[in-house]
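First the structure, in the form of structure tokens, and then the observations on it.
We call the chains A, B, C, D, E and F, going by the order they appear; numbering starts again at 1 in every chain.
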Amino acid sequence: MSFFGMGRQQPTSAEKIAAVEQEMKLMASMHNRMIQMCTKKCLPTDYREGDLNKGESVCLDRCAAKFFEAHTVVSTALEKESQNRGGPAAGGGFGFGG
Amino acid sequence: MSFFGMGRQQPTSAEKIAAVEQEMKLMASMHNRMIQMCTKKCLPTDYREGDLNKGESVCLDRCAAKFFEAHTVVSTALEKESQNRGGPAAGGGFGFGG
Amino acid sequence: MSFFGMGRQQPTSAEKIAAVEQEMKLMASMHNRMIQMCTKKCLPTDYREGDLNKGESVCLDRCAAKFFEAHTVVSTALEKESQNRGGPAAGGGFGFGG
Amino acid sequence: MEGLTQAENRELEQRLQKRQVKEFMSMFNTMVDGCFVPCVDDFTSKALSGRETGCLTRCVAKNFAATGRLSERFAEQSAAMQQAQGQGR
Amino acid sequence: MEGLTQAENRELEQRLQKRQVKEFMSMFNTMVDGCFVPCVDDFTSKALSGRETGCLTRCVAKNFAATGRLSERFAEQSAAMQQAQGQGR
Amino acid sequence: MEGLTQAENRELEQRLQKRQVKEFMSMFNTMVDGCFVPCVDDFTSKALSGRETGCLTRCVAKNFAATGRLSERFAEQSAAMQQAQGQGR
């Protein structure tokens, strides 16, 4: 909840709701993107059967773990780049990998 | 218009407008996605001529029909899956294929 | 700023803000799409090094110039098509290539 | 539009206009991106070549025609669908 | 939810419901598009063939199962992440 | 910004800040997805391999540099475009 800048003393109702909503949008987007990425990586596109087989299930589990870990790696790398070259994110963390 | 839950007795103006707007967004999204899908399926990407030829036109017409039919098939299949495993859609239809 | 139709005499504050905001959204979208297109065209996906090399840098510069020029070409072509066949844009320009 | 008052219809119309501007811009952007990808591939120069410009122009013409044709089919299909739903109820 | 009043919670809940409808429609659309691309490829007829219908049905079943499985993993991972952040502070 | 009052400018600024947060998150997400696709391909383990982590890190570095360079070109081009439009009128 840190970086959606409630810098001022008393956030209004609208601001508090917006902050929580923003946090949820973030999680929803991550959820959706994970599904998109990992189904693409793990499911063959011939669809000969409708059930997930063992290999596909294991692939999905590992892909999910790697997707989370990739967020941390990217966040760290992006922070480093921002500090080196003074990019848009120079000020702080990315909400991941903190 | 059924499923945007006007469960309560007297919908307010804002709710009624939101419901109609939602319905329109839905149709606009379907329209845009159909155009995206079917131009990809039917138009070769070398663009040697600017006119639609006969074969491309027929392909587009059939693709449009199949895209609508696919909505129905997917809707039915998703409803079946939801009922079997108790997914997010367990409660009702999808607005298509009813 | 021309085409977001401030047809009436005195735009309200909300309308003026919306118009400026709309203009900014437009530029932001063009910016994001350019980055997406040109990184795809110019960066090989094996990522053996983290630095931009000379060839990649030159490719990005040229791609950026071509992306802008393509907006003008597409805008002109779309206007011509609209006039010929009476499409949705029959009335006016596209904000580019005017 | 099932029992909207006049004021509600006016509000709706305003939103529709905004939506149309948005749809139109999105169509334009899709056209640029969809034609840039297959047509522009030569980065030995910073100006579009004649071949690239020609490809973009034909790409717009063909996609514009395709969009028109698909929109007609869409209107027919959704009318048929609504009728079928009306009978189903 | 850290110090929201009751009224704020109610407002939030309403927005969440809207979000869920949106999420659900987006999931449905993704499913249609994601299954249409690999399954429908034969444009010698305007009706779906048996092979295409079967492919779509299996595609939905498999992607539905995958979405469920990934959502479980997502819930576990984000719970673990929040805990780790809590300890880090 | 052409005849906005102070209050309007303040309102606009607030929206711009929201937009920047949104843009930034979208850039971050694009980076994750755009680097995950080419770099992560081995699902025999649930932890990222050294090769994958290295690829992600280099991918971020290169794309960050590319984004910066393209943003400069974008600023130049749009300034030139606005000037050309000003003269055209």
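FYI, contacts are C-beta pairs under 8 Å (C-beta built on N, C-alpha and C of every residue); 3 or more make two chains touch, one makes a residue touch a chain.
Nothing here was measured: the structure is a model prediction, and the numbers come from that model.
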What chains, if any, are shared contacts of chain A and chain F?
-> none
Counting one step for each move to a touching chain, how far apart are chain C and chain F?
-> 1
Chain C-chain D separation of Cα centroids, rounded to whole Å = 16
Please compute the C-alpha centroid of chain B, do the same for chain F, then give the distance between them in whole Å.
-> 31
Residue numbers in chain A touching two or more further chains are 30, 42, 61, 65
Interface hub residues of chain F, defined as touching at least two other chains | 35, 39, 57, 60-61, 65
Cyclic order, anchored at chain C and moving toward chain D, comes out as C, D, B, E, A, F
In the complex with chain D, residue positions of chain B that touch it = 1, 13, 16-17, 20-21, 24-25, 27-28, 30-32, 34-36, 38-39, 42-43, 45-52, 56-57, 60-61, 64-65, 68, 96, 98
Chain F to chain C touching residues, read off their complex = 1-5, 7-8, 11-12, 15-16, 19, 23, 26, 30, 34-35, 38-39, 55, 57-63, 65-67, 69-71, 73-74, 77-78, 81, 85, 88
Chain D residues touching chain C in their complex are 21, 24-25, 27-29, 31-33, 35-37, 39-41, 43-48, 52-53, 56-57, 60-61, 64-65, 68
Per the touch rule above, chain C residues touching chain D in the complex are 4-5, 22, 26, 29-30, 33, 37, 41-42, 58-59, 61-63, 65-67, 69-71, 73-75, 77-78, 81-82, 85, 87-89, 94
